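Remarks on the structure that follows.
All chains are identified by letter, namely A, B, C and D, in their written order; residue positions are counted from 1 within each chain.
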Amino acid sequence: MGTHGETRPDALGRRYDEVRSYTERLAAKLSPEDQTVQSMPDTSPTKWHRAHVTWFFETFALAPAERDFAPYQDDYWFLFNSYYEAVGPRHARPMRGVISRPGADEVGRYRAVVDKRMREALADEEALAKTAGIVEIGLHHEQQHQELLLMDIKHVLSLNPLRPVYDGVRPPRGAPGGVGWKEYEGGLVEIGHEGDGFAFDNELPRHRQWLEPYRLADRLVTNGEWQEFMADGGYRRPELWLSDGWAHVTGEGRRGPLYWTEVDGTWYEHTLHGTFPVDPDLPVCHVSHYEANAYASWAGKRLPTEAEWEHAASLEPVGPANLADTESFHPHAASGPDGSLRQLFGDCWEWTTSAYLPYPGFRAAEGAIGEYNGKFMSGQMVLRGGCALTPPGHARASYRNFFPAGARWPMTGVRLADGGAS
Amino acid sequence: MGTHGETRPDALGRRYDEVRSYTERLAAKLSPEDQTVQSMPDTSPTKWHRAHVTWFFETFALAPAERDFAPYQDDYWFLFNSYYEAVGPRHARPMRGVISRPGADEVGRYRAVVDKRMREALADEEALAKTAGIVEIGLHHEQQHQELLLMDIKHVLSLNPLRPVYDGVRPPRGAPGGVGWKEYEGGLVEIGHEGDGFAFDNELPRHRQWLEPYRLADRLVTNGEWQEFMADGGYRRPELWLSDGWAHVTGEGRRGPLYWTEVDGTWYEHTLHGTFPVDPDLPVCHVSHYEANAYASWAGKRLPTEAEWEHAASLEPVGPANLADTESFHPHAASGPDGSLRQLFGDCWEWTTSAYLPYPGFRAAEGAIGEYNGKFMSGQMVLRGGCALTPPGHARASYRNFFPAGARWPMTGVRLADGGAS
Amino acid sequence: MGTHGETRPDALGRRYDEVRSYTERLAAKLSPEDQTVQSMPDTSPTKWHRAHVTWFFETFALAPAERDFAPYQDDYWFLFNSYYEAVGPRHARPMRGVISRPGADEVGRYRAVVDKRMREALADEEALAKTAGIVEIGLHHEQQHQELLLMDIKHVLSLNPLRPVYDGVRPPRGAPGGVGWKEYEGGLVEIGHEGDGFAFDNELPRHRQWLEPYRLADRLVTNGEWQEFMADGGYRRPELWLSDGWAHVTGEGRRGPLYWTEVDGTWYEHTLHGTFPVDPDLPVCHVSHYEANAYASWAGKRLPTEAEWEHAASLEPVGPANLADTESFHPHAASGPDGSLRQLFGDCWEWTTSAYLPYPGFRAAEGAIGEYNGKFMSGQMVLRGGCALTPPGHARASYRNFFPAGARWPMTGVRLADGGAS
Amino acid sequence: MGTHGETRPDALGRRYDEVRSYTERLAAKLSPEDQTVQSMPDTSPTKWHRAHVTWFFETFALAPAERDFAPYQDDYWFLFNSYYEAVGPRHARPMRGVISRPGADEVGRYRAVVDKRMREALADEEALAKTAGIVEIGLHHEQQHQELLLMDIKHVLSLNPLRPVYDGVRPPRGAPGGVGWKEYEGGLVEIGHEGDGFAFDNELPRHRQWLEPYRLADRLVTNGEWQEFMADGGYRRPELWLSDGWAHVTGEGRRGPLYWTEVDGTWYEHTLHGTFPVDPDLPVCHVSHYEANAYASWAGKRLPTEAEWEHAASLEPVGPANLADTESFHPHAASGPDGSLRQLFGDCWEWTTSAYLPYPGFRAAEGAIGEYNGKFMSGQMVLRGGCALTPPGHARASYRNFFPAGARWPMTGVRLADGGAS
């Protein structure tokens, strides 16, 4: 389901250890009670994430690789299957939070046993030949869940009136300055994954697209700009909104981004490192596609298409980015303008105006793993880039993230676009 | 919001009369009770359709055109506004069926009064100058509601165990033969409305798209082919379905198209002309995008993109089509193969694999009329062509119809596509 | 299921004609469209009421009485069965409003045919012997539906912004004066139906109950008194409310009785004869049990038990009452105090503090007719008396009406009680 | 809100320690994860129970008793208030399971601090004078939550496919024999709490009721008898059910008691001590009022009224009972018949046919504590006796337990009654 990445045993084993232990480092900051809670059907408990990614290796790598494979625990195949119909029935998603056992410690033991067996499989050339591809996918899969683990626990903690803190440090002050615009000629361009590195199947095949000339903002929209939108009646003017978006925003009585609360005239923002007054220089985050779209309408601009975004990104030098390894767990202010598309990777996933659909010529893999991406190509919007919760090494120009247009608990932000018309 | 069509007063007045009287002809076959019922939130009562399209002319044409304009009835502005936020608050859509008054007769009087005033406005050159554009839109708007009126009453009657009939004659027997495939080179093509005729704003601007080589089936999928899909477990095999589609199909326990019922091993189909055993030679209709997609997966094919469809359609000769004027009110069997893309217009709206999104450079009109199309560009799929309920003169190659992926009460069908990959 | 009432053929036939034609007189004021609408799952369309009571006679009287019985229309047995499991499956209650056919006229024909056959059966001594009991029940059943028809159409018309009027004249002004209290010794009393007249099975058996001394208010609570309750924060003070009631009132944001609307500081009331400013001297009506209970708490009183009510009512002279035959279709102001329990019958059904439960020794009848009352003895509260929509001859001291505690669309009011404690 | 029980400081302090430490003993068998889960809106997490009962003492005893009272943690007043409107806003009940912090350990610390301060208050004569009454209530309140804690965790564990065990031993085999019937003359009896012991306000005032002669079964209905009911179509015959009950049973597709599962033709029962084949000699438990009522109809009997039950119970010798201290945590089989009403206390709460309503002359206490019982007197049914999860010392003849008619997660069972008719 993806192109192969690294396949040399040593390197793969080392990366396996790195990725797996990073999950445990993220979880170690959370109590057993924290790890048990599911705050809404979209989110999952921390210990479920830890177990599910382990089940993925057990099911897709150990089962084919081990001669005398037996599952660690029969019921885990039911409990920790996320959505693979081909693997069999599974525990209902919205009920993940009622499963107190296995507890966080026992999940740790499950992980340790699978890790031991995985290391044996990775050291065995014959087994490795069968599984290198799926192990690679499993590692990228686990990285996706590292990000989700952080997004989900942020939501869990936000519901607690005690305002609990996860970890991280407050982002440094910045001075992003005004928005600059980078221009692109367009024409017949190619997008989609290219080369030898790893990619998910939905990034393929690389293909041609025709683009009209367009412009992209050179940084993300800031909290300060978002507050101008709010002050100008942004949440009360239906003409700015898509019809579904207006229904959302009025149905839930929204007045600002998720995690913002107004107390005595001051807006505060819940973050993984605590609750603070909204900093106008930081990028706005946790807004839905509907909100991003309304903001763009208000600003007289639009959101980019994914092809515009990817084409532009492929022209940028890859520099340092604010991913999870900065341990802020929150977007940073853009640095001063330097002619590049700032904040391209990291900080916030960027909503595009593209629906999540198969590329021309897309084919899902055979078997259960074919369910990984393809079956979700309906009713979702593409996001590009990465965010401050994305593990390092997991962001790339061709990566297609996707969420429903109303989702706000992912760490999402807004980059404006313009042009494209004749 | 659209390009202008006809503007000569005589011709416009004549078309006004034709379109308006056609609505009344369609409604005349229904009792006051039939015209009152709303069968689900998506559908509207017949008399609501009749009043709403009249409100459209009153609001958007008479109000600006008449010197001493006064509304026919203040409350009608509230009752018969569909979704125009800019015009003010309006009656909740799912509650259209609890409004017994004005009754069907009074709606007829409302129509007559507005028609009289419209004819005066159309005869007055000064008024006409202001309103010709919006009158043209209003006529196409009313044609859309003629089609909806028929789709909606079909749903209403389907819920009645007495199996009531609307009208129409049983389609003639046909022999569509096997599917042929037409090949297209692709390359840099143009799509979108072109020329002087009328078009909605969502068909604009005409723009370039890159297409890889592709093939289209030369007729619609038939009931017989659909029954093979059912017999092969089509509704029980998750691997064929989009994830959202599988949730739909299992959540509602679906086993076949809407309006199909199995009695003692035989499938029957509810139509506007009665309930009959399913005819294997007719096109399958009233399937959702999810079902269309699953069928295509089963057949090893895919649905066309809207650009592929439009490009191909623009190369076809425009021939006779099974639209509402055949008075079958049901798709016909394809005639024998003749090298053309049969059933392109009429018979069934054809699901594409394209999400309903703005064309590059799309701009909605200013004011209330700008809400016509643009704000629905989220969460819906494009359909192309026309159906047996579409009024004559309302189908064209660039026309973009759209419905949510789960909708089945529109008269929807399936044309397969292939290729497009490098 | 009830004790027998009238059984002489002539008298029964005459009463049959009277009751049946009264239904048609009530419906004649409504258009076909009015008769089609169901405004919420609790209410039914007028033409459904007209057909259902006819189905009752056809099913329970004609079927056993006619030698060669054949149903008028097979599907009507499905469409017009309300809740009799023993008679077979039936159309879902909340979907009664989507059935446009049979129309109002055809329902009239159905009624005429059944009436003709019923008159023959009533004239035939042998048939009469089999059916006199059930015919009697059928007539009382039809009277219940006459009342429901009016309650339901009041709700339908209330949802229409055109403020349509059913019929009736505005109640005369009155001067009810302050509340007086009548005292009762209690002790071992008997309640339940007694004597030869008709009664439903739930009024039986007559049995003993022990009552502590108590007092009853000699008139209903007025709109003026209710407005004092509102002004004193009645709808904002949780300590006055049952827990379920508080959830209702806050969940729906209620600020006054159903059908009251505040416009520019003045409260208006929707009635069957039009919308008028609230008259402080009229009894408050369309309040739920929860509201009645909260009002009583605020007033430092309580609601009566059904035994207290019935015992007191059995001591009162039966005088004229404001039932449907006054054609006000709305409660009247109490006349000046005269030492009696004013407004006992008619005006408003009176909430009691008694749950609707079987009397000691209650047994439901055998067969389908046993479903009439017994199976609803759960989750509902008893109301006593009658209301301004009750047909004459249908109110009596032992009559047990019942509705869920949250129901407001019946014409319900409040009589206070006190005492009962040692 | 109750009559006083024990007020001597020493005794009260000793009882305080006993009750408080018993809660912790029950919770100690559960992991932090177990203690965090809320399985449905009706149930609460273990650690919430532990904190809420502590909040009760802090709010109602410490706050008035301590000179310089300050809350342990401000937010706990919000988080651990169950339903006391007078104490202020509170955390939404269905969201108790998303609160991971305070964790189980921190709740233990909260308990320890409040216990220390409570012991000081109990040792201080002046403080004691103010709080003895409320402390007594608080202890009975905590005992109620000990029972709920067990009922709730039973439900939590039941949802886990791993079939986790709480604790307890399998009940001994028994031979209950056939049902015997005890006869009662009835007449004018007194019910309600009497004497010096503790009682809740809803058990007062003691008052007279008239009872017709009646009979009670001398033991609870067994699993074996319930299986006969099932085999005879008990869950498929609407004529046995109350209308609301039939809607419940068909809507949820129920075929047996809660916690029963059929595997390959054998029924298994989930208990706190594990999952075992259903033992026909044990009492049936976890059935709703609707199910109990349907069973009684099928058996040609009825459920007792609460007055019948209490009158009979007051004539019985108080013997040993299967309460939580037997540590079975499950009902026992009835011992052989001995002329008494076996299983009166303990084993299963017994559904009555009485709605939960105020006794004649009932008055709720002033202030927040008045919300304890009175506001729930709507929409619920009375249960009498006690169950195998009830802490010792918490069962008495006048005790009125109450749940909605559809509740099944409490440990509920069935005792039949007969007679009562004239």
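Rule of thumb we're sticking to: a residue touches a chain if its C-beta (ideal position, glycine included) is under 8 Å from a C-beta of that chain, and two chains touch if they have at least 3 such contacts.
Quick caveat, the model's predicted, so the values are computed rather than measured.
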item: Chain labels contacting subunit B and also subunit C; value: none
item: Chain of greatest Cα-centre distance to subunit B; value: D
item: Distance between chain centroids, defined by C-alpha means - subunit A, subunit D (Å); value: 46
item: Chain centre separation (subunit A, subunit B; CA means) in Å; value: 37
item: Distance from the mean Cα position of subunit D to that of subunit B, given in whole angstrom; value: 59
item: Multi-chain contact residues (two or more partners), subunit D; value: none
item: List of subunit A residues in touch with subunit B within their complex; value: 83, 85-86, 188, 205-210, 212, 238-239, 241-246, 289-290, 293, 305, 353-355, 357-358, 360-363, 370-371, 375-379, 405, 420-422
item: Partner subunit C, residues of subunit B touching it in the complex; value: 31-39, 47, 75, 78-79, 91, 95, 97-104, 156-157, 159-162, 164
